[in-house]
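Both complexes shown next keep chain A, but they swap its partner, so chain B is in the first and chain C is in the second.
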Partner chain A sequence: MAADGSMGAAASTGIGSGARSFFRTRRLSRRVQQTLIAYSLLSPAIIYFTVYFFYPIGLEFWASLFSGQPLIGESRFAGFDNYVTALQDARVRQSVFATLTYAIGVTAASIAIGLGLALLLNQRLPGRTAIRAVIFFPYIISFVIVALIWQAILDPYTGILNGVLANFGMPTQNWLNDSSAALPVIIAITVWKDVGYAMLIYLAALQSIPSDFYEAAAIDGAGPAQQFRYVTWPLLTPTTLFIAVVSMIGQLQEIAPAYLITNGGPADATRLFSLHVFEAAFFELNIGYASALSFLMFLLILGITFVQFRLLNRDVSY
Partner chain B sequence: MTWTRMLFSYAILMLGVAMCVFPFLYMLSLSLQSDADIFSGVPTLIPETLQFSNYIDIWQKAPFARFTLNSIIIAGGITALHLIFDPLVGYVFAKMDFPGKRFMFVAVLSTLMIPFFIRMIPLYILTARMGWLNTYQGLIVPFAMSAYGIFLMRQFIRPIPNDLLDAARIDGCSELGIYWRIVLPQVRPALATLALLTFIFQWNEFLWPLVAVSTTEMRPITTGLTLFNQEFFTQWNMTAAGGVILFVPSLLLFLFTQRYFVRSVMLAGIK
Partner chain C sequence: MSWWRRAKLFIGTGLGALLSTGAGAETLTLYWNAGHAYQAYAEVIERFEADHPGWEVRWERFQWPDMRTKLIADLAAKNPPDLVAEPGGWVQEFGQQGLLLPLNDFVAKDGEAMGFPEDWQVRAVERNMLDDQYFGVQIHLTCGTLVYNVDMLKEAGFDAPPATWEEFREVAIATTGGGRFGFAPNPSIGYYWSWFLQNGVTYYDPETNTVNLDSPEAIEAIQFLADLIQKDKAATTPVAGSDYEGPQKLFTANRAAMIITGPWDVKPIRTGNPDLNWAVAPSLNHKEQATFAGGVSLMIPRDAEHPDQAWELLKRLVALETEIAVTKEAGMTMPRKSWVENAEVQADPVIGSFGKCLPYAHDVAAELRLTGKHARIDKLLRSVIEEIIYNQVPAAEAMPRFAKEANAILASN
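Right, the complex of A and B next:
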C-alpha cells in the first residue's frame, strides 16, 4: 500500500524525488523478495528440525504420561506415575550416580590431559603434526572397535595387559569384573578415545594467544609456571568451558561403553543411566516409563548446560 | 628451547603416541592368531604363524559383504543429504538478510543441546508410525542435516566478499544461481571436509541401527559385528578380524585427509 502510494506520488512530482522513491520502492520490494526466498530456502530445514528435534521432545513428554507402549501398542494414561516410580527407584538413583561420576570423570581427565598434550605440542617440535594426528585418531574410530580392542586387552585370561603384569611379577586384575575397578576403567577407555578432541581445541586456542602477552610477562619476571598461571590459564577459560559443555552433553547420554563393554555390570557398577533407559524401552518394552526417564535426562542436561553457559558468558577480554 | 625440555616433551608425547597406536596393533595381531595362540596362556603381540584364514572364516559366518553395503548406503545417503542442505542453509544464514533470522539461527543452534539419545524413544515411535522401521529411509532421513554442519558452512561462506555476490545479482543472477555458481565453488574444500566428517561419524553409528533395524540383512557393519559377536564369536581372533574390517575405511580416509580434518575441528571449535 505505502509503496503504491509513493510510486503514484513520484509519478506526479519531479524526476529527482521520483528517482528517490523509486529506489526506496525497489529496496522495499527486494527486501520482501529476499525474505520470501530466504524462507523458502530454509523451509526444508524448518521442517526437518521441527519433525526430528522439537516435536520429539513434546512427543516424549506426552508418551511419558502413559504406561505400556503409548502410540504404538497398548497403553493406559498414568499421569505422573512414571515420574514418581522413577524417582523412587533405587536402581535409577544408582545409575544417575554412576553416570555423573562417569561424565565428570571423563570431562575432568580430558581437560587435564588434553591441555597438557596441547601445551607440549604448542612448542616448535619437529614432527608435531604427525604426533597430533596420531593422538587425535582414536576420536574418529567407532566405539564398537574401541570396545572390542579394550575387552581383548583387558581379558583376565587371554588379555595382554594381565600377561605383561604377570611377566613382571605384578598382581593381575579382573579389570572389568571388579565392581570398584570397572567404572574407572571405562572412564579411562573413554578418555583414551576422546582426549584428542580436547587437545585439538586447546591447541587452536593456544595458537590464538598473542605472543606479546608472554613477552610482557617475561619482562615482568614471570617464569614458565607463573606465565601459565597468570596468562595462559585465564585466557583459556572460554575454551575450557566450551570443552566442558560439549563433553558433559556428550558423556551424560553416552551408552556405548556400558552397552558394548560391561553391559552395566558388575553389580550395576557401570549401569549408566542411558543403558537403564535403553533396557526399559527396548528390552522391557516399557516405552512410557522409558520416555519419563529420558525426559528427566533431558531436563538434567538442560540444567547443566544452562549453568555452564552462565559461566561461559562471563567475558574474557584481551 | 633447551635440549632437556625437548627430550622431556618428546618422552611424554611418544608415550601418548604409543598408547594410541599399540591397541590397534594388538587388534591386528589378534586378528591373525590361531585359537591355540589365543589360549596358550601367554599373550603375544607377534604370533608365530599368521592365520589369514580368520578373515575368510568371518566372511563366511556372517554376511559381512551385505553389512558393508548397508553401511555404505546409510552413511553415503546421509552424507549426500548433508551436502545438499547444510551449505544451503549455511548460505542463507551467512549472506541473506530477513526478519526472524536471529531467531531461526538460534533455534537451529539450540538443537546441538538436544542430543540423539534424548530423542531416541520418540524417534522410534515416530518411525514406527510412519512404517519406516527396518528401512533405509528410516535410517537415513532422521540424520539429513545437522546444526554443526550448517554452522561450519556458515563460517566458511561468510568471508566470501558481498561485492562478488552483488555483481552477480546486477548481472541478473538469481539467488539460487548465485549460490550454485559462485558460493559453492568457493567453498569446495569445506564441502569435502563436511562430507568426510559426516561420513566417518555415520559409518561409526551403532545406536540407531540397533533400535531401528530388526533383520540381519538390514544391519550396518557396526551392529552386524556387535550382534554377531554376541551370537557366534567367543574368540578374540574372529572379533578382531571383524574389527579390522570396520576399522580400515576410517583409517584410510583419515590418512589421506587428516590435515583438513584436524583444521576443521579446530575451526568449528573456536568459532
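Right, the complex of A and C next:
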C-alpha cells in the first residue's frame, strides 16, 4: 500500500504511472484527485447517457416549443402554446384516461394472475416445467404476431371464437367493434402476452424465501392462507414493486396493441396516448405538438413511478 | 509460415476484398409499397442494374403507414431514400415543407421523350404540382367502384348489378342470409367517400375555408350506410383496425355479395378464389354517379444522394410498356392516356370496367391537402364516422359536431 492515500486510490483503480506523476507534480489536493478519478471512471457512462438520453430529451423539449415541423421542415417559436393546446384538448384527456385504464388494468391483472400462477407452479406438480414454458412463451413473441393471432381469433365474421360460440348456440360478439369491449379485450390480450414474465419473477422470488419461515409459521398454527398473508405477501413486496413499476412504465408507453389490433378505434375507445402522439408526429406531421405531448407523458410517468415508490417501497430483509 | 503470419494474410485478404467491393458499388435506395412489388417492376429494376454496371437498387418494401414513419425519420436525419412511391397526398404535403426535389429540370430534359406531362391524365399531373413545379410523377391511377358476386346476385333474382342506392339496398337485403352478407364495407376512411360523392358532397370549400360535411346530403349519405348495417342487417360491421383487406377476404370467400374496391384487389381475388364468378359494376348513382380516385406517385426527396439515377429509374418505372405489363400481371389501372387507349386494356372486362370509372372519380382531398391540415381533419372524420357506425350515434348529431371541430382547426394558425 502506498504511503500517500491518494496514490493508493489511484493505484488501486489501475491508473498508470503517467497519471501518478501528474498528480505528484501538480500536487492536487486529495479531494480534487478523487473527483478527477471518479469522473474519469464515470465518463463512459456520462457520455453514453448524454448522447442517448439527455440530448434527445433536451432536443424533444426544444422541439416542443415550436409549432409546425421542427427537426424536418418549417417551424416557428410558439413558447408553451403546444402544452396549453394539449392540456385543453379533450382527445388528449380521453387518450390519457384510456392509457391509465389500460396500464393499471394490465399491471394489476399481470400481478394477480402472475402471482397466482407462480404460487401454483411453485408446487411439485407433474409437468410444471412444461407448463411454465407454455405460459412464458407468449412473452417472447413479437406483438405483431400476437396481433395477427388475436385478430384471427376475434374477427366477428371469420374468427375462431365466434365460430365456437355459434357452434354452442351462443350469440356471437363484436369483440373489437364494440366501444365498451375493445379496451378490455386489448388489456386481456396484453395480459395473456405478459403474464409469463410476472410469473417468472414471482417464481424466482418465492424460491428465495427461506423455508424456515413457513416451518415457524406452521408451528405457530398458521394455515396456508395465513402463511400467504403474513409471510409470502410481505416478503414479495420488493418483487411486486419491481413488477408494478416496470409494467406501468412499459404499458404507459405502449402503442403496439392499439396500433396493430384496433388502430385506436372503434371511435377512439382504444386510442392510447402513444398512438395519439405517433399519429400527431407521423401522420399529421405536427412534430412540435407531438413533442409537447411526449414531454407531458414523460412527466406523467415520472409522477406515477414516484407515487408507486412511495406506496410500495418498504425495506424487507430476511 | 507461422500461424500468426497465416492469420495476418487471411485477415488482410478479407479486408482488402471487403473494401474493394464497397468502393465499387453504388446503391440507389427505392421505397415501395409491399402490395405493389410486382414482377414487372422487379424486371425493370434488374434491367436498370444491368444497364448501369456498379449500381445496385435497394428495393425496400413497406406498408404505407410504416413507410411514412420511416421516411419522416429519414428526412429528419437528412438521409432519405433516392426515390419514393407514395399513396397520394404526400407529394404536396412534403413539397410544401421543401422536402422534395422539384422535377422541372428533369421534365424539361426528358419530358417530351417520355410523354410527360402530355400523356398523363390532367388530374394525375395536377395532384403532384405546387406553384407550377412538378414534385411527383403518377405511376398508378385508380378508383374504387362496386364489385359484385354474379352468382349470389343471380341466386337472389338479380341479373344485373344495382345502379342506384335504392337498388343497392334492395340487392343487399336480398342477398343477405345463411352466414352471407349483401355488402361488406371497408373500415378505411377513404372508402366512405363513394357515398358522400354520390350525394353531391365535397370535402372542403377553399373560398370559405370550411368543410362541408355537416350538409343534409353528407348526413344522409353516412346514415344510409349506417342504416344498412344497423337496421337492415344487410352489411357487415367493418372491423375496427388498420387492415383494409377484410371485405376483400369475405368477398373472395363467397361470403359477401358486394364490396367497394379498386384494381388493387383484382390479383388477390383472382388468386384467392379462381372459380369465383365476379364482375365490376359502374359506380352507383344517387344525385350523381361518382366515386373516389386513388393512386400512387413517385417523388425524389430534396436530400436524395442520387437524384439523377433516381430519375432514370423513375422513367423506366412509368414507361407505357411497364404499365401494360403491370396491368396484365396485377390488373392495376394507370395514369397514361395511351394506356386507356391500349387495345389489350380495353379488351379486359375487369380492367376496362375500372378504367371506365376513372372519368368520374374524384380526388377527394385535393384542395384540403393544400391547407396542411388534412391529416388532422381526416383523423377527426374517422373518429366521428366510427361513432356513427359502431356506437350508433345519429349522423345528424355527429356530423355537425365534426364540422365545428374541423372548421376550428382550419381557422386556427
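Basically, the second predicted complex is superposed on the first by the 266 of 318 C-alpha atoms of A that agree within 3 Å, B and C clash if a C-alpha of one lies under 4 Å from a C-alpha of the other, contacts with A are read in each partner's own complex, and residues count from 1 in each chain.
Simple rule for what comes next: contacts are C-beta pairs under 8 Å (C-beta built on N, C-alpha and C of every residue); 3 or more make two chains touch, one makes a residue touch a chain.
Remember, it's a predicted structure, so these values are computed and weren't measured experimentally.
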Room on chain A for both chain B and chain C (clash or fit): clash
Which superposed partner A:L275 touches (first chain B, second chain C, both, neither): neither
Partner chain(s) touched by A:I72 [first = chain B, second = chain C, both, neither]: both
Touching partner for A:I111 - first (chain B), second (chain C), both, neither: neither
Most chain A residues touched (candidates chain B, chain C): B
Chain B versus chain C as contact partner of A:L260, first or second or both or neither: both
Contacts of A:R132 with chain B and chain C, given as first, second, both or neither: first
Partner chain in contact with A:L285 - chain B first, chain C second, else both or neither: second
Chain B versus chain C as contact partner of A:P156, first or second or both or neither: second
Partner chain(s) touched by A:A63 [first = chain B, second = chain C, both, neither]: first
Which superposed partner A:L176 touches (first chain B, second chain C, both, neither): second
Location of chain C clashes with chain B - one stretch out of 73-81, 91-99 or 361-369: 73-81
On chain A, positions contacted by chain B and by chain C: 71-72, 155, 157-158, 260, 278, 281-282
Residue ranges of chain A in contact with chain B within the complex: 31, 34-35, 37-39, 41-42, 44-46, 48-49, 51-57, 59-60, 63, 70-72, 116-117, 120-121, 123-125, 129, 131-138, 140-145, 148-150, 152-153, 155, 157-160, 162-164, 192, 196-197, 200-201, 203-205, 208, 239, 242, 249-250, 252-256, 260, 274, 277-278, 281-282, 287, 290-291, 294-295, 297-298, 301-302, 305
Residues of chain C that touch chain A when the two form their complex: 65, 68-69, 72, 75-76, 93, 97-99, 181, 187, 236-243, 246, 249-250, 253, 255, 372, 375-376, 379, 382-383, 386-387, 389-391, 413
Chain A contact footprint on chain B (complex, rising order): 1, 5-6, 9-10, 12-13, 16-17, 19-21, 23-24, 26-27, 30, 38-39, 41-45, 85, 88-89, 91-92, 96-99, 101, 104, 107-108, 111-126, 128-129, 142, 144-145, 147, 150, 175-176, 200-201, 203-207, 211, 222, 225-226, 229, 236, 239-240, 242-243, 246-247, 250, 254, 258-259, 261-262, 265-267, 269-270
Residues of chain A that touch chain C when the two form their complex: 67, 69, 71-74, 151, 155-158, 174, 176-179, 182, 259-263, 265-268, 278-279, 281-286
